[in-house]
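This is the structure, below, for whatever I ask next.
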Amino acid sequence: MARVSNTTLLLQLIRRDLRVALRQRSEFLNPIIFLLVVITLFPLAVGPAADTLARIAPGVIWVSALLSAMLGLERMFRDDFRDGALEHMLLLPCPVELAVLGKVIVHWLLTALPLLLISPLLALLLSLPMQALPILIVTLLLGTPVLSAVGAIGVALTVSLNRGGALLSLLLLPLLIPLLIFATAALEAATYNLSAAGPLAMMAAFLVLALGLSPLAVKAALQVSVN
Amino acid sequence: MARVSNTTLLLQLIRRDLRVALRQRSEFLNPIIFLLVVITLFPLAVGPAADTLARIAPGVIWVSALLSAMLGLERMFRDDFRDGALEHMLLLPCPVELAVLGKVIVHWLLTALPLLLISPLLALLLSLPMQALPILIVTLLLGTPVLSAVGAIGVALTVSLNRGGALLSLLLLPLLIPLLIFATAALEAATYNLSAAGPLAMMAAFLVLALGLSPLAVKAALQVSVN
Amino acid sequence: MWRWLHPYAKPEATYRLNKKLLPWFAWPGVVLLAVGLVWGLVFAPADYQQGDSYRIIFIHVPSAMWAMGFYVGMAVAALIAVVWQIRTAEWALMAIAPVGAVLTFISLFTGAIWGHPMWGTWWIWDARLTSQLILLFLYLGVMALYVAFEDQRTGAKAAGILAMVGVINIPIIHYSVYWWNTLHQGSTITQMVTRLEAPTMPAEMLWPLLVNLFGFLGVCAALVIMRLNNEILRREVRRPWAIAILKGGQ
Amino acid sequence: MAQSAALLEARQVTSVRGERTLFEDLNLAVHPGHLYQIEGPNGAGKSSLLRIIAGLLQPLSGDILYKGELRQHVRREFLQDLLFIGHKAAVKPELTALENLQFFAATQGQPCAEPPFELLAQLGLVGLEDVPAANLSAGQQRRIALARLWVSSAALWILDEPFTSLDVAGIALLHQRFDAHLQAGGAIILTSHQPLDWAGRSLVRLQLEYSW
Amino acid sequence: MAQSAALLEARQVTSVRGERTLFEDLNLAVHPGHLYQIEGPNGAGKSSLLRIIAGLLQPLSGDILYKGELRQHVRREFLQDLLFIGHKAAVKPELTALENLQFFAATQGQPCAEPPFELLAQLGLVGLEDVPAANLSAGQQRRIALARLWVSSAALWILDEPFTSLDVAGIALLHQRFDAHLQAGGAIILTSHQPLDWAGRSLVRLQLEYSW
C-alpha cells in the first residue's frame, strides 16, 4: 500500500494518453486537416475579396476551432471505456476530478495547441487584419480550454452509448454557443480597433467556471456511464 | 450449406447497421438537429447580414456535410473491427466489395440523407437565393456519396492501428478540395443565374470514379488491416 | 436540512400530493387562458401601429417566458435528482422537458409568424431569436440523451447532468437583448410590472397579457403534473398502492 | 483416411508474424465427423492458424484446399460452408440477443420467420431478449455468439476458444451440439486451453510449439 | 474469524439490474490470507458483485466496509489497497507490453527505474517488448494485464475470471503468485468457472444462484 502522489498520477495519465494518441497519428491529424480544409474552403466559397474575408474571418476561425474540437472529442473516453482503462482510471487512488483534468489537458494539447500554432497562418489566409492577431490568440487561449472542458462533459455522458457524433454535438454545441459569440465579438471589436475587454472578460469568466465545474460534472457523468 | 443471395446479404448488412445506428426511432432526428445546430453557428459567428450569409452559404453547407461525414466515418469500420463484425463481414459468402458498398450506403444514409432532406430549410436560413436550391441539391447528391466512398478507404486503412492515419488525411485532402471547389463553383454560378453544367459534370465524374474504385481499394485496405 | 423533502420523494406521496395540486393548477389555468385569449384576441384594442397582427403577443410572450421558466424548473428537478438521488425528481425532469420544448417551439413559431409582417422576414439571426432557438436545442438535447439510454434511471441521471449544465444559457438568453443590439423588443413587461407608474403599454393590452401569462402557467403546470403522475403509476404498477388506485379508479 | 475425403486440407503452411516463425510446413487434413483440437502455449500461433484456414490471414507460403480445390478458387462455396467464431465474437453490443441472432441466421441462409425463442431458452437467455448485448454478462454475450452454431448449416466450424466465459452448463450444452454436428458429418477445428472431455476416437489433437 | 480482522465487509448488499434482483442482503467478510471464489452460472451476478465491492457499481442498498469503515469515507486508503482487474483488462492496445507495465507500476506507486525485463521473461513476453499489445495473442494480452499482480503492493485483489485465455503454464504461474500474496497476508476475491485446484483451507467458496 504505497502512497502515490496526485501529481505523479496526473503526469502518468497525461503521458500515457499522449503516447497512445501520438502512436495513432490520425487522431490528432484529422482535426488539423479538417481545420485546413474548412479554412481553405471559405476563400473559395466567398471569393477572394479581402474585405469580405476579413469580415467573416473571426467567425470562420472560431467555428472551425469548435468543430475540430468536436472531432477530437469522440476519442476522449470512448476507447478507454471499451478497453477498461476508464474503470481503471476511476479506481486510481486520487480524486476522479484530477484524472478528468488530465484527460482535458490531453485533449487540449492535441486539438487546441496545433490550432494555436497555425493561427497566424490562418489569419493570413483569411486576411484578418494584423492588429487582430493577438486578440485572436488570446481568445483561443481563453476559449479552447473551455471547449475541452465542456466537451468532456458531453463525452462522459455519451460514452456508454456508442452513438454517433451527432448526439454528442447536439448536446454540446448549444452549451458552447455563448463562447463562440463572445469570441467573435472580441475579434470583431479588434478588427475595428475597438476595445475587446468586455467579451474577453466574459470569456475569462467562462474559463474559470468551466475548469472549476466541469470536472465535477464529468465525474458524475462517468459514474453514471460506468454503472 | 444453404445458398444466400448477394442481395439478401447486402440488405441484411444495411439493416443491421442502420439498427445499430438508430436504436430508437427518434434517433434519426439527431443528425438533422445536429446540422441545424452547426448551421446556427455561422450566422452567430459572422453576423446576421443576409448578403454575407448568402455568400458563404454554399461553403457553410458543404462544411457541414464534410463534418458530419467525418464524424460518421470513424464509426464505419472501427467498431466493427473492435468487436469482430469486420471479420465476420469478410467471411460472408459474397464479394467483399458488395459488403463495403453496404457500409458506404449506410454511411451515406446516416450522414448525407438528413442533410439533403433539410437543405431547403438550410437554404432559407442562410438566405440562399431560391434559384440556387436545385443546384445545391444536385451538388449534394453528386458530392456526398464521394465523401462516403473516399472516406471509407481512409477508415479501412486506419482501422487496425497507426500507419494509415496520415495516409487518410493525405488522401482526403486532395480529393475533398477539388470536390468543394466544384460544388461551390456550381452554386455560385447558380446564384448569378449562370449555367452550372461544367462543375456539375466534373462532380459527376468524381462520383463515378469514387463509386467504382473505392470498394476495390477498401477491400484491399481491409484485408491488410485484418491481417 | 433537506430531510423535509424526503417524505414527498416517495412516489406514492408525490402521487397523492399531485392529485391534490392538480385542480389548483388545471381549472384556474383553463379559465384564465380562455378568458385571456378571448380578451386578447377579440376584445383588446388593435395596436395603432401594428393593427391586429400584434395580437399574437398573447401567445408569444407567455410561451417565450415560460419556456425559460420551465427550463429552470427542469434544472431544479435535475439537481434534486442527481444530488439526492430521488427517483420522483428524475421523473419530474422528464415530465417537464417535452412541455418546455413545446412552449419553446410555440414561441419560435409565433415569433416567426409575427416577424413576417413586422420585420419583413420569417427569421433573422438576432440574438434573442437565436438564443431561443438554442433553448429549443437544449430541450431536445436533454430529451435525446434520456431516450438514448436503455436503462431509464441512467438516462434520467445523464439528462439531469446535462440539464443542470445548460442552465448557464438562461441568463444569456434573457440578457441577450441588452448585450447585443437587436431587432427584438426589450423587456418591456418585466419593467412594466416593476414600474407600474410609468407604463409603456396600454393597460387594456397589459391585463389580458398578464391573464394569459398565468393561464399558460396553470395549464402547463397541470400538464406536467399529469405527465408526472402517469409516469409514477407506470413505474409503480407492481406496487400494491398503485394497483389499488388503478383498480379503484380513484 | 482417403485423400479425397478431406473436407479441408492445409498444405505446407508456413506463417511468420513480426519476426517470428510461428510454424513451418504445417500439414493438416480435416475430415468430416472429426473434431480437431489445436493445443499449445499462449502465442504459439493457434489463432493465427485458424485465421489462415479461414482466409483472414495470409500465410507466408502454403495452400489451403477446400474439397480438393484451392480455397481462393472456390471462395464462395467455401465461405458458405464455413462458420468462424474468433476471439472477438462479432456480437453487436448495441443489438439485442434476438437481433444479433436474426442477423446471423439470415446471413447463414436460415432466416427466422419467427423469433427463435426455443433456442434462446436453451441458451438461458429467456427474459433478456430485449436487452442490448452490451448490458449482458460476459458469458451471456458468449452464448449469443455461439447461438450461431444452432442456426448454421455450414459443415466446417472453426472456433477459437469457444468455452471462454461459459459456465459448466454452457460447456455441456456446447459439447452436445458438437456431438450432433459431428454425427451429421460436420467437422470442427477449435482451440482450447482446457482439456476437452471427449470420449471416442473422433478427437484429433494437434500440438503447436512456441517456437522462437 | 474475529469481526475486527476483516479487511473488507459487504453488509446486506442488494443489487438490481434491469428488472432482475441479482442478489439480496448478501453478506461477505474478506479476511487476510484467504482466497474467495465466487461461483455461479452465467449472468448470476458475479461480476456485478465484484464491481460493487470495488465501487464501480452502485448497489441498490447495503454497505461496503473497508477495515471497519464505510468505503466511501476512506476512499483513498481503500483504492490504494485495491487491485481490480475486470473482464476488460485496461491494457492499451496501442502501447507495448513494456509501456503498459510501466504505467501500471507507476500508478501503483512502484515506478520502474529500469524496464522490468525479469518480470516480462517470467510472463513469457520476452522478445515482444516492442510490439503493441494489439498485435499480441489473446493470452499474451491477458498476461500483460496480470503483470499488475507482480508490481502491486495492494492487499486486496479483485479479479474477474483471471484465467481466461491463459495456458496451463500461465495458470500455474498465477497460482504461485496467489499463494505468495496470501502468505504475505493479502486477500483475493475472484470468479472463475473452472474449479481452482487449491489445497488448504484458505479457499472460501461462495455460490451465487441465478435468481429470476
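Each chain carries a letter (A, B, C, D and E) given by its place in the written order, and its residues are counted from 1.
Here is the rule we use: contacts are C-beta pairs under 8 Å (C-beta built on N, C-alpha and C of every residue); 3 or more make two chains touch, one makes a residue touch a chain.
The structure presented is a predicted model; accordingly, all values stated were derived computationally and were not measured.
Between subunit B and subunit D, the least number of touching-chain steps is 1.
In this assembly, the chain whose C-alpha centre lies farthest from subunit B is E. Ranking A-E and B-C by contacting C-beta pairs places A-E first.
In terms of the distance between Cα centroids, subunit C is separated most widely from D. Centre-to-centre, using mean CA coordinates, subunit A is 24 Å away from subunit B. Taking the mean of the C-alpha atoms as each chain's centre, subunit C and subunit D sit 58 Å apart. Subunit A and subunit D have Cα centroids lying 45 Å from one another. Averaged C-alpha coordinates give centres for subunit A and subunit C that are 32 Å from one another.
Those residues of subunit B in touch with two or more other chains are numbered 23, 27, 30, 33, 37, 40, 44, 47, 82, 161-162. Shared interface positions of subunit E, i.e. residues touching 2 or more other chains, are given as 18, 87, 93-94, 132, 135. In subunit C, the residues touching two or more other chains are 130, 134, 137, 140, 144, 148, 150-151. Taken in their complex, subunit C has these residues touching subunit D: 150-151.
Listing the residues of subunit B that touch subunit C in their complex gives 23-24, 26-27, 29-30, 33, 36-37, 40, 43-44, 47-48, 53, 124-125. For subunit D in complex with subunit B, the touching residues are 54-58, 76-77, 79-82, 84, 86-95, 99, 103, 106-111, 132, 153-155.
Taken together, the subunit A residues at the contact with subunit B in this complex read 23-27, 29-30, 33-34, 36-38, 40-42, 44-47, 52, 55-56, 58-60, 62-63, 66-67, 70-71, 74, 82, 162-167, 169-170, 173-174, 177, 180-181, 184, 188. Taken together, the subunit A residues at the contact with subunit C in this complex read 150, 153, 157-158, 160-161, 163, 167, 170-171, 173-175, 177-178, 181, 209, 213, 217, 220-221, 224-225, 227.
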